[in-house]
Amino acid sequence: MFPRLIRTAAVAACLTLAGVATAQDRATVVAVNYPLQSFASHLLGPEAEVVYPVPDGVDPSFWRPAIADISLVQSADLILLSGAGFAGWVERVTLPRARVADTSRAYQDRFITTQTITHSHGAGGAHSHEGLASYTWLDPSLAIAQAEAVAAAITARDLAPAEDVAARLDTLRADLQALDAEARAALTAAQGVPLIATHPRYQYLARAYGLQIGALEWDAGAMPTGAELDALWKLAGETGAKVLLWEAEPPAEAIEAVTALGLHSVTFPPLAVPPGEAGFAGSFRQSVAALAAAVEKATAD
Amino acid sequence: MNAVYLAYAYLRYHWARSLVLVSVAALILFVPLATQILLSTSQRALIARGEATPLLLGSRGSQLDLTMAALYFSDERPDPVTMHEVETIWDSGLGLPIPLHTAFASSGFRIVGTTLDYFDFRGLPLAQGRGLAVLGEAVIGAEVAQALGKGVGDTLVSSPENLFDLDGVYPLEMPIVGVLAPANSPDDAAIFVDIKTAWVIQGIGHGHEDVVTAADIASGSAALANAAVVQYQRITPENIDSFHFHGSQDGFPASAVIVVPNDTRAATILKGRYLDPDGTSQLIDPAEVMRGLVDRIFRIKTLLDLVTAIIALAALAAIGLALFLSYRLRASEIATAVKLGARRGMVLRLLAAETVTLLSLAGGIAVLGAAVISTNAEAWVGWLLALGA
Amino acid sequence: MVEVENITFGYAAGGFRLRVPHLSLADGERLAIVGPSGSGKTTLLNLIAGILTPETGRITVAGTEVSALPDAGRRRFRASRIGFVFQDFALLDYLTARQNILYPYRITPALKLDAAARARADALARACGIGDKLDRHPAALSQGEQQRVAICRALVTQPRLVLSDEATGNLDPESKARILDLLFAQAAEAGASVLAVTHDHELLPRFQRVLDFATYREPVS
């Protein structure tokens, strides 16, 4: 009778423990762009699953989540926003404030204001919006601040042991500082050299390294139209720029068309979407090297 | 046993009289019991809502108005605080701020703009549909659903705040995406929306080409905005991307902010920060405010107790008289019993058994009634309190 | 069976005094007491039953000196030795005929309500012709039937003496004789003596002896 009771109790205890183990599913963290996903994955290690919810081929800035996507985001243990107006959908979706972290809140004073949009509707008369440049992580010092904010959010919600997160943050910070130093060295020659980007994505990169980058409004990775090429020709003429930054690898004929206008093409992914194998620092390094090489070539012309 | 046997036979034979006596006695016992239960439940319910809401941040002014607006979604409209206050609490790391925007109503029910945290905080499960996901959506309380006969798939239009509103702010039509399970609290009578949706109603956020007129709907074509027809805006998949907010969210209003401090220490620190009498905001303990209110209200209870006591006394006297008369009616039975050799005290026993049977029946019924009241007290009190709000 | 020796009795309110120098009743004897109202007939019955106690003298019933018993003893004695039949039947409206017959068992611990008592009640009722009406309440019975129930109640305890106080007073002339015969028959069956107060002079021939309180002489029957 007695041993049987003990056995039953032991089985019950095991079942309870198993239940606890299954209940302790890995935490889920949602990141609205690749840099945040990359930082969070690094900082969390195996402790949590970091989800970048935007499907392949969709610009996270203009993604419109379906209800199922919103449910996924709402159910996350932590939702990492990039701030600075990045991903407009977060303004139109209901999020649990307690689990949302605005990772750029600490450096709002360093945001770059872009254009002013004026419009009118209703009887309220005309009003204007301030635009903010959103790709803050292209300045590694801001990326460090963002990584720190991610680490703080993870620690505050106890998603991973604080000392582990702190250690991983130290590594990440060192990586990004090294990246910053490398980029600064590589781009010293590019300071004051006029550059053109196919899309206004590089404001923070430009400010960080003293670059002058004019911008067009081309579709990423698409063949520019004749009018767009005319605009490039005009802008190149005005600024004297000889280097064009593509945000995604363009078709070969696009490069040819641009080369024909006397410009060197550089693909510089702004990293909002995952860059593939290279990772955040790797891709950034490659882009900086390619940019430095193109500038060197352009100045040699 | 024999006395009980005879008492039972007597009561059964004179069932109508017994019924009246039992009912009256049961009522006399039941009414004060029920009143006590309902009153103490409502007292608890009133304080419970306060106690379930650790701290309340709002504009400096009437603490009661702030509490009533934030806890009971009453018609009081305390001066708004800015979302900057929410962010300040948030940045302090001392607690979780949950903003509430209760300035608008629809079909007589308050529209409560808040964040998803509110549902977690109050523990409000959905009975139907899903939670808030997209700007413009509404989740309604059980009572709203019942009163308006609306459910998932229906829409609600916010009541125009001012018929002569010339700012171009039109009522907002909101699709109902979820219905909450009954909570027996003011949450049952609320229409929950994202606080951003409340800002859209307020005109802080808006879209373009967003004014839909009744005529548009009727004719299916666009018509000129005309003050003579009911106009409202609607957030659709086509226009949602054009919705935007002007300025920094830090400046946006909230009626009140529920603050859930991390611990007692955090609560003390937070309270200390809002002590400055020259400050524009106050951080109050709603439980205290409610206790003060309840204390005042329940002074009436003393009077009620007195009335109950007087009525009970009168009714008991009536029952006593009825029993006395019934004893008199049985004088001949008593004489017979004596002649037949009934033992001393038998008659007394018989009458006592009858009285005790009557009173236990009445007591049983009263206790049963009280039990029914007690089990349903929370639901009924919730309903009663909601009536007031 | 009954021996009354030199008793006197007066009510506290005064006015009336009863004196009975001697009265005796043999086993199984049927004695009628007649006399004008207020002559003390019922008082005598109450004295014999031990409901009242005489100021002086002695009353012995079935070998027990009732007048010497304490109150509780008199009650016990009354419950077990005396059967009572009243003019107004004194049935309880809320009890059925059967419950009325068994009522004595409900009010005194001296009597045990057992299967034998219940069987006796049913047998008596059958003998009295009300065997099929035992579950009715008095309101659903005729006066004759009610008095039959009362007779059953008086005899169910197997008393040694049946005291009848104007038992036939409320009945129609035809029923009177039948009920009295029934009472006598059942009393005889049980071996009980009968002492009856009556106003019905036409019934007197049915008694073995008649005691006239008006003259206080014992006329020969």
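Should a chain be cited, it is by its letter among A, B and C, assigned in written order, with residues numbered from 1 in that chain.
Just so we're on the same page, a residue touches a chain if its C-beta (ideal position, glycine included) is under 8 Å from a C-beta of that chain, and two chains touch if they have at least 3 such contacts.
Computed from a predicted model, the values in this text were never measured in an experiment.
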Practice item. Compute the centre of every chain as the mean of its C-alpha atoms, then state which one is farthest from the centre of chain A. Key: C
Review point. Which chain would you call central, comparing Cα centres to the global Cα centre?
Key: B
Study note, to complete from the structure: Whole-angstrom distance, CA centroid of chain B to CA centroid of chain C, is 73
Point to revise | Centre distance in Å when chain A and chain B are each reduced to the mean of their C-alpha atoms | key: 47
Practice item. Between chain A and chain C, tell me the centre distance in angstrom, where each centre is the average of that chain's C-alpha atoms. Key: 115
**Study point:** Partner chain C, residues of chain B touching it in the complex
**Key:** 2, 5-6, 9-10, 12-14, 332-333, 335-344, 346, 350
Review point. Of all residues in chain A, which touch chain B in the complex?
Key: 64, 67, 70-71, 74, 88, 91-98, 105, 119, 121-124, 127, 129, 156
Check your understanding: Mind pulling up the chain C residues that touch chain B in the complex?
Key -> 49, 51, 71-72, 75-80, 82, 84, 86, 88, 90, 92-95, 99, 103-110, 137, 153
**Study point:** For the chain B and chain A complex, residues of the former touching the latter
**Key:** 90-91, 93, 96-98, 115-117, 120, 130-135, 137, 166-170, 194, 196, 203, 206, 208-211, 240-241, 243-246
